[in-house]
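Heads up, the next two complexes both have subunit A, just with different partners, subunit B and then subunit C.
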Partner chain A sequence: MKRMRCRPSLCGRFLCPGAAAAAGPGKPFPTPQAAWRALSTVSTRPNAAVPSPPAEYPAETVVLVTPSRDPLSSAKLAALHARLSLHPKFPVQTLARALIDQSAERDRFFNNSSLAFLGNTLLGYYGTEHFLCTYPRLPSVVLQAAMAASVGPRPLASIGREWGVESAFEPTPNVDAGLLQFKRLPPGTVVTGSLRPPRSQGVTDEEAMADFVRATFAGVYLHEGVAASKQFFRQHVLSRKLELDKLFNFVQPTRELSRLCAREGFDSPVARLLSETGRMTNTPVFIVGIYSGNECLGEGQGGSLNEARIKAAANVLKGWYLYRPFDTADVPSKTDVYPDATFKPTMIDSGEVIV
Partner chain B sequence: MNTLTTLFRVLPRRSASLNFTRHKSNSRRHTKLLQLPPHPSFLLTEASPTGTHIIRNPPSAAPSVYSTPSLFLPKDDPRRVETEPLAQGQSLPPPLKTPYVKKYHLEQKDFDEIRALRTGDPNLWTRAKLAAKFETSQFFIGMVCEASPERKAEMQTRLANIKGRWGQRKIGARLERKRRRAGWGGADGL
Partner chain C sequence: MPITALRAVSKAQNGVGAFVLQCKRLDFHYCDWAGASKGMKSFLTHKLPEFAKSNPQIEITVSPRPHQHPIIRGTYINGREKVICVRKLDHQQILQKTELLRNSSGQRLRRITKPVKSMNEGVRGIFSPFHGPKHVI
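Here is the complex of A and B:
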């Protein structure tokens, strides 16, 4: 343990008056600015002057700080850096900054708020272009659900946990720099809607972890470039399985299918019984196919004729909406990586059916 | 189907006794019984290709929604194949309901008459009766003229009286049915 000066807002309850006395007047302390800076991480603005601590924090406060508080000597940070296969251009200090939530550190030059904002924008962009170019007919509600299920707070927090990031119990200055530091909300706090407390009062574990993952994405983008950030997105987000066909919920599938066929000029759909078993028992199974002209568009099975017919109509609609273009569609961000590349725009059709 | 019939053929009709033990006398017979003949698609016939070829015999499963039907592919998609007309003697499976063509046979005077009848004696001229008389659907009658607010209120009271006589089992069963029905469109239920 070495003695350092730090901000009382972070470490008020961990003040050690004995240590201050033991330090003695003759022992040289680092300058207040350097100590304050070391507790956070290196600012991403290297040429800018280090902001001086606000006047309300007396510079002479002394606290015990673990050596691993320094990002360069934290084993956890180095391990996380290696585990994510980050490029050496990605400094470990940025990773340390990504782990500091704005509820733990108010100064925006030392917390991850700006990185998380950039990361959220990148994730939204890459996610939207992936879904829109791969499934050009996806209804907007399903698109939103798919986005929430792939780059929303819950999946991102799950990614962070899978990376092996652990949370500090409290964001005190003596915690390891490789732990996620955020202020926890008291148990039972309502975190939805307008009753949600301001960020400075604390955040949930999930939100803090999601912000860390967003900030890491932003770090990859800033330090390693566009191509690396796209690869990082492919490896860590698109590699996760998402069952898109489970996100649909049709209220009136048969009616919607009729409207679709009328709009597109197909023959009106006819439900035909493909096979059945046990009609006179209490557990019959029917398989119904929906035909337009001579072509079977989809099948559904159920315990009653109505159930099979309605499920078949829902499957046919899923077949329509989950259409994928033949050749892998180009995503717009392709030209960010290769400016001279030829870009083939994705298909745009007449949109979802409105009943 | 062929595998299944073979299974039924070769497996013993009656299950062995509960305390089944293998003896020298029965072990050979039981081992040989489990030797199933190969599926017909694996057998080489005159029609099979001569060189190395792939045998595709997937287990029967519901079709995937990710394989888009040919009709739904855009015109310029190379995967699109035009459906061929039915061959001689070939027919489609039977429809669940007899397909019909909309007639569009009603005129303005018919609409006026429907409205007059329904407002005049709603107890006699219900949607079902009007639909039968004018050879149209009950849904269409509802589109032509709505019931009066008094009539609606009266029917709601009547329905509430009927529901008031239901017991817990009936209420629960109907709720359960509604929940199952909501799952048919793709969701997990209410």
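Here is the complex of A and C:
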């Protein structure tokens, strides 16, 4: 696949100085000076045990870090880089920065907050366009639930754990650069609602891991380009199993279905008993079909006539809302990769039924 | 009442999109003095650099464990560990054991009786006696 180079201005905005220099044209690997700056994750904590860098670097840019904190000497970091099949253009320094949460390091040039912000935007963009172009009639609440189920904090944290990332016990300066560094909240802290403490006081491991995954996506976008980031998204997010039909929760499906038929100009739906067994027993089974005119829109099976009718109506509504066009439309980000490509827009539906 | 949605989390299917090797770390322990570690020391000097180069996704550590049998310990993404004692084995046998640990998923060994394990519903559906031609007795 053709890999596109990212724009230098964008790199400069989101990356630390060293990594931005590394991403510049013609320099796939960081220069020594850039590497010294890029690996500087602790700007204010001097450490006497560290050998001082060469004298030609200006004193104010030199930052002392312990050897284990050096991304280039961390075996965990190199293994993680290889495990994710990242391109050599993606420097380990960026991966090391993606592992530093803002609760561990306040300086935003050395933590992953800006990368995670960009990564969150990218994941939201790619996720929304995928769901909307594949299922153009998806109701907005189900779309939100699908987004939360695929690119929300919980699935992202689970992706991070499945990448084999371990957390450091405490974000001290001497931890390995390949560990996720964040400050843990004390046990029993309320993490929802207005009582939630500010981010600088600590985060849950789920939030920290999700931010690392977002920052890694941003790193792929910045260093390897748009096409590679879309491929990374497809491989790591879209490849996961998500059953959209299990996300629907209908409150009054029969009423909603009759409103839908009225709106679309179909004959009003009628429930007909198709088949039954054991009506007088403990375990009866009824099969009910919903008909609009002569056309059977869907079937449902249940232990009572009412249950079967409601399930049939819910199945019809799922069939309507989960409609997939025969020719899947192009996602808008296709033209980010190939600006001259022909673009086939998606169908725009009149929206869900208001009951 | 409008539609509401239920909360869910997508499930991983390793290998469907990206494949992540489940073995994340291999620890090699040897003893400098004992003869049982002879093969292990030969493996560490001659075979391990090549193995490490061809498997960059595994973190490899080598450390002495005096007066103990030589072992290889594999750590897996699911949090489990597998340990193999390689006492008195030669370097070729140790390489085989190392590859066994690398290829393992880290899960407990269990007998697999079904040829296919899938999260998807069967495309053929479940048999229904209510559909199709009626059977006349």
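A few points about this structure:
Everything that follows uses one rule, which is that the second predicted complex is superposed on the first by the 288 of 355 C-alpha atoms of A that agree within 3 Å, B and C clash if a C-alpha of one lies under 4 Å from a C-alpha of the other, contacts with A are read in each partner's own complex, and residues count from 1 in each chain.
Simple rule for what comes next: a contact is a pair of C-beta atoms (placed from the backbone, for glycine too) under 8 Å apart; a residue touches a chain by one contact, two chains touch by 3 or more.
In this text, all values refer to a predicted model and were calculated from it rather than measured experimentally.
Contacts of A:A116 after superposition on the shared chain: neither subunit B nor subunit C is touched. Legend: residue contacts after superposition of the two complexes on their common chain; A:N315 is shown touching subunit B, with no touch to subunit C. When the two complexes are overlaid on their common chain A, residue A:L274 makes contact with subunit B and with subunit C alike. When the two complexes are overlaid on their common chain A, residue A:R83 makes contact with subunit C while staying clear of subunit B. In the superposition on chain A, A:E307 makes contact with subunit B only, while subunit C stays out of contact range. When the shared chain is aligned, no partner comes close enough to touch A:V92: not subunit B, not subunit C.
Using the contact criterion defined above for the overlaid structures, shared-chain residue A:V141 touches subunit C, although it does not reach subunit B.
By the document's definition of touching, of the two partners only subunit B reaches A:S292; subunit C does not. In the superposition on chain A, A:K246 contacts both subunit B and subunit C.
Counting contacts as defined above, subunit A residues 246, 248-252, 274, 301 meet subunit B in one complex and subunit C in the other.
Listing the residues of subunit A that touch subunit C in their complex gives 75-76, 78-79, 81-85, 139, 141-142, 144-145, 148-150, 152, 154-155, 158-159, 161-164, 178, 234-243, 246-252, 256, 274-277, 285, 287, 301, 352, 354-355. Touching subunit B in their complex are the following residues of subunit A: 245-246, 248-253, 266, 268, 270-274, 288-289, 291-299, 301-302, 305, 307, 309-311, 314-316, 318-320, 322-326, 347, 349.
Across the complex, subunit A is touched by residues 62-63, 65-74, 77-79, 83-86, 92-97, 99, 184-187 of subunit B.
Contact residues of subunit C toward subunit A in the complex are 1-14, 16-18, 20-21, 24-25, 56-61, 77, 119, 128-131.
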